[in-house]
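All remarks here apply to the structure that follows.
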Amino acid sequence: MIKAAIVGGSGYTGSELGRILCRHPQISLEAITSRQNAGIPVAKVLPSLQGFTDLSFEAQLSDDVDIDLAFLATPHGASMEIAPGLLSRGIKVIDLSGDYRLSSPEVYEKWYGHPHSDPEGLSKAVYGMTELFRDRIARADLIANPGCYPTCSVLSLAPLIASGLVDEKVIIDAKSGTSGAGAETTKATHHPNCGATITPYKIVGHRHTVEISETLSTVAGSGVGVVFTPHLLPIIRGMLTTSYVTLKKDKSKDELQALYDKYYSGRRFVRRVAVPSIPSTLASNFAEVGAEKADMGTVVVMGALDNLVKGASGQAVQNANIMFGMDETVGLDFPGLGV
Amino acid sequence: MIKAAIVGGSGYTGSELGRILCRHPQISLEAITSRQNAGIPVAKVLPSLQGFTDLSFEAQLSDDVDIDLAFLATPHGASMEIAPGLLSRGIKVIDLSGDYRLSSPEVYEKWYGHPHSDPEGLSKAVYGMTELFRDRIARADLIANPGCYPTCSVLSLAPLIASGLVDEKVIIDAKSGTSGAGAETTKATHHPNCGATITPYKIVGHRHTVEISETLSTVAGSGVGVVFTPHLLPIIRGMLTTSYVTLKKDKSKDELQALYDKYYSGRRFVRRVAVPSIPSTLASNFAEVGAEKADMGTVVVMGALDNLVKGASGQAVQNANIMFGMDETVGLDFPGLGV
Amino acid sequence: MIKAAIVGGSGYTGSELGRILCRHPQISLEAITSRQNAGIPVAKVLPSLQGFTDLSFEAQLSDDVDIDLAFLATPHGASMEIAPGLLSRGIKVIDLSGDYRLSSPEVYEKWYGHPHSDPEGLSKAVYGMTELFRDRIARADLIANPGCYPTCSVLSLAPLIASGLVDEKVIIDAKSGTSGAGAETTKATHHPNCGATITPYKIVGHRHTVEISETLSTVAGSGVGVVFTPHLLPIIRGMLTTSYVTLKKDKSKDELQALYDKYYSGRRFVRRVAVPSIPSTLASNFAEVGAEKADMGTVVVMGALDNLVKGASGQAVQNANIMFGMDETVGLDFPGLGV
Amino acid sequence: MIKAAIVGGSGYTGSELGRILCRHPQISLEAITSRQNAGIPVAKVLPSLQGFTDLSFEAQLSDDVDIDLAFLATPHGASMEIAPGLLSRGIKVIDLSGDYRLSSPEVYEKWYGHPHSDPEGLSKAVYGMTELFRDRIARADLIANPGCYPTCSVLSLAPLIASGLVDEKVIIDAKSGTSGAGAETTKATHHPNCGATITPYKIVGHRHTVEISETLSTVAGSGVGVVFTPHLLPIIRGMLTTSYVTLKKDKSKDELQALYDKYYSGRRFVRRVAVPSIPSTLASNFAEVGAEKADMGTVVVMGALDNLVKGASGQAVQNANIMFGMDETVGLDFPGLGV
């Protein structure tokens, strides 16, 4: 039994980790922290977990907590303060924030607006997009768990980008449910402002832009530029990305689909379909991807997933499974809701 | 031309007043206040009003503002600080807050938790449920504009209550869109918390309970008790109330409907239908009401309206029309959206 | 391993059975039927089940199918044509339609508008509201799985009704997501008609009225009358009932809650909370119930559940578990989504 | 007073015409047809119009109807059967279907799958995108009223395309509310299928693709290619298009905005904003447009409008105003809802 803790367990990704891990047959939850809920039973704050955990929130992990693995569901900036200490005690770390996702302290500072306090960790961290970097994940002590938009975008684009068939400019029109914005109240997520509309936001400069661009560049083996426009949808869970790339030379629809099927052969959680569907993935770790040929050499590439599961906590558990030598599907092998 | 001002013009009822009054042929908007937006053009804060008003928000009404009428779209507690000064200068006041709706300072203090600072105004104020109290409204200087729940509940129940055919206990199961909660962000109106559910709240003790009870008692000529359960709906505009009363002696469905048709004969904005529909009333000043006979002498009474129009700002304008001797429909005679 | 089949597997309750049973450790799915999808792989029609089942839909169960149990997710009227043959071959039956829920052929004919073709089955069938009738379910060959509205209403009301503390008239104001209406397209479930409103329907005469009334009468040991008003909500999954009963003599809030806690002591899937929440139950077999004291001796009773799980397919599996001597939680012991 | 009729008045664009025209001070509605509702009062089918029209639906326009103008809210294929007869009697025609929008019978047949029966009308029809072709509209007898997607896309792109600053390939990622799909029930608009997701559809080959491409080519004075991906949103009214074009040489954000401001100078119903918002346009004839510079010379171009008003019936009335020499704003000069 792997002993694990969740740091920051009352936000959406933290509570989703709780939902998944309380049923995981080979990971036991030893501690869950939440500064604002310290001392309160987890099941009181998250009633859906009544009967699934007896833990109470702790203000922070005690120094002598006996765990093998910590999930950091902490805000950007906080994770890099916590991770080094855990790693030094031999605890593996999966960080769900953006702190360890980028390629260098310089890039981090440019996009996050403050210096990186753990450059050494940053250089060692493995980017945890499971289907792409499984071997490195298996050997890692520190995982930078990908953002939801990057997971959806990159999983859907990777087969084409890796093939070298398309040019180096990618347009990504992304749509996310409101749970992606987190549990804190904001004007943007006030229901009268978002409940019956779709709103483009951070049209230029969203931090996921660089995360996607760096990851696609790794996949391509050369630079890939990204135009990324996120939109807030009037749904809670679920994400769709519609991307546009240009073929360097013509390929048939069948050839494109064969490319996808080969790329994801043996990958349980990525499913190639004609038109990706959010409901098919809801509450599950599955992502759906698809590509369709349009005019002028353009390929319309689509991806769908549950932003809290495959886009965050599910993929984190998938990475944990791999880090500890388990089958990647353990504790995650349930289908999406469909309806 | 009646000269009017809106005090508190950046909240939902204030901006809805702006939307209606900017097109009113006989009321001119002279000033709109908003403490937090003082100095900013109204059309910058409310882009839908671009081209409809050149006003900028003022921090507060100047002492020498030349107006005939002030709409107070201010929070509970603030209106009763402002109204007396306006009235003393001969300015008529329509207050959209709860400050002047109840029968006495004692009742006010019990339900609002603080003393009433203008008992004299409270005793003179006329409760502005237009279809019920039109004559008194015509002669009033100070109108307590009804709450959204009371408008929907009372309009749908009044014909039965006035008839004396039903007993003195009324159960009201009310459902409201989120705009009724106002423009301030809250946990309750954070989209992930409310966007795909229906939530009962203030199951006991909502302030509209006493407002409904007092108004129905006035209609009945004797005490009417109310059990009132509000629910938050995952829609923005619109409200439905489903109420349950008990017949003292049997009446046919046709007799009940005739009762409604007679009660609202000549009332432009209340429509008797088989099943009230929110979409038919959206963005309009119309309310739909209906009653259906169920078992055990129970009558199921339904009402639907747009909480920001007939449930707030539209009814306020309707009252203004009557106070100044105009036809009640001026500036309000447009149909609901339907779809 | 119990061998089971789903008859009518492409509707919402049928596919939800598929979603649950494909992960059940002690029930194996041997066949799924769907007249309109005969011959097509289940995972093609229901993409979320890709990788979870290799079955193809069959037009109907073959005469020599080797199963212990059949779930009938067939329309009203069809189940009673199928059930007798299955039972005669020693196959246990759980029927999710309304065919076996009522007390007599006469009551059935009155509410369903056509004669009952299997009165013998009707007399033997056990009403499968698990928490109430577990012992009889354990011995049954034919289960009438309850409707979603009755499950939500009765579970929330049963402790009070059983206590004898309240009078014999119950008002139930019920709100359901659109998946309760089934997979067939209708005017009522056309998105522009239902997507931003709440609509009362079948205000008098909904078939669940009599199902609730008969079940509550069984619980009470004497006749209980029901006024039942269903409303269609703009959500997909989830149901809330708000019910109103009158105390015969005063009880404190604590006494009421103690009543609930005692009644559901040891019942894993029913949770007493202050305010029931649909999201806490989503995609799970849990129901939440609660009661609050209001004025004039009225108790406001609330229930929430996922209409497709505890309100249909989850409860069906829970009943199957009991019929075959398993723990009732097998294959169902996962928490609700929370968000 | 202009005398007008609506042919096909019970669908969404037809009833929206009714909603607008019943309040138009210079157009009187003389007849509304609906084959399926013939003989029924319009206000019975569309309760929101109670008190606004006394007309009953007619099966079809009588041969001797005395009108100056007919709005055809008929399906594709039907309009071209009706228009020639009306025109021959001196009645002006505004067709809201796709029948007269394309450049030639050949293009029509290619995209609509059947021959065009009125090539002469097609050659004379003026494409009614008001802000672009006002002069020709003023002289026209037959208007092809644009589709909702083309209106939103083209209005937002036209200033850039006309400027010659961007290259000839345009990517349009479009999102529409479900009312755009019409009043007929379909699997796609069944609430459980669309109510909590966003679904790409007709990823290749939507008929609006050619309509947009031809119009943008007219604006550019040379060929413009379009990749167009429509998505169905879980909202009823409202549309957003996010388009991607590439600058041929660099321009500052200010220069781009100045381009828009100049292009739409004096155009009442098109508003340049930083981020277009559906709520600001709801239930109004306003469109909002905006452009933002992104990386790699890409400009992100956005448009928002109410698909039933500016995207259909409102623009039709705007065109009627111009055809009959009125101010274009008559009967349309009300602001969007905002909330």
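As written, the chain order gives the labels A, B, C and D, with residue 1 at the start of each chain.
The rule is short, and it goes like this: a residue touches a chain if its C-beta (ideal position, glycine included) is under 8 Å from a C-beta of that chain, and two chains touch if they have at least 3 such contacts.
For clarity, every value in this text was computed on a predicted model and none was experimentally measured.
Participant: Name the chain pair with more contacting C-beta pairs, choosing from A-C and C-D.
Facilitator: A-C
Participant: Pick from A-C, A-D or B-C: which pair repeats the contacts of B-D, with over half of them the same residue pairs?
Facilitator: Answer for the repeat of B-D: A-C.
Participant: What is the chain whose Cα centroid lies farthest from the Cα centroid of chain C?
Facilitator: D
Participant: When the centre of a chain is set as the mean of its C-alpha atoms, what distance in Å lies between chain B and chain C?
Facilitator: 40
Participant: List the centre-to-centre spacing of chain C and chain D in whole Å, with centres computed as mean CA coordinates.
Facilitator: Taking the mean C-alpha position of each chain, the two centres sit 46 Å apart.
Participant: Between chain A and chain C, what is the gap in Å from one C-alpha centre to the other?
Facilitator: 36
Participant: Please set out, as single numbers or ranges, the residues of chain D touching at least two other chains.
Facilitator: 12, 179, 192, 196, 234-236, 277, 279, 339
Participant: For this assembly, give the contact graph shape among line, ring, star, complete and other.
Facilitator: If you draw each chain as a dot and join those that touch, every dot ends up joined to every other.
Participant: Any idea which chain A residues touch chain C in the complex?
Facilitator: Residues of chain A touching chain C: 12, 15-16, 19, 22-23, 46-52, 179, 196, 236-237, 268, 271, 273, 277, 279-281, 283-284, 286, 288, 308, 333-339.
Participant: Tell me, which parts of chain C touch chain B in their complex?
Facilitator: Against chain B, the touching part of chain C is residues 169, 171, 173, 175, 192-193, 196-201, 203-204, 225-227, 229, 231, 233-236, 238, 240, 242, 244, 275, 277-279, 292-296, 298, 300, 302, 339.
Participant: Inside the complex, what are the residues of chain D that reach chain C?
Facilitator: Touch list, chain D to chain C: 12, 177-179, 181, 183, 185-187, 189-192, 194-196, 234-236.
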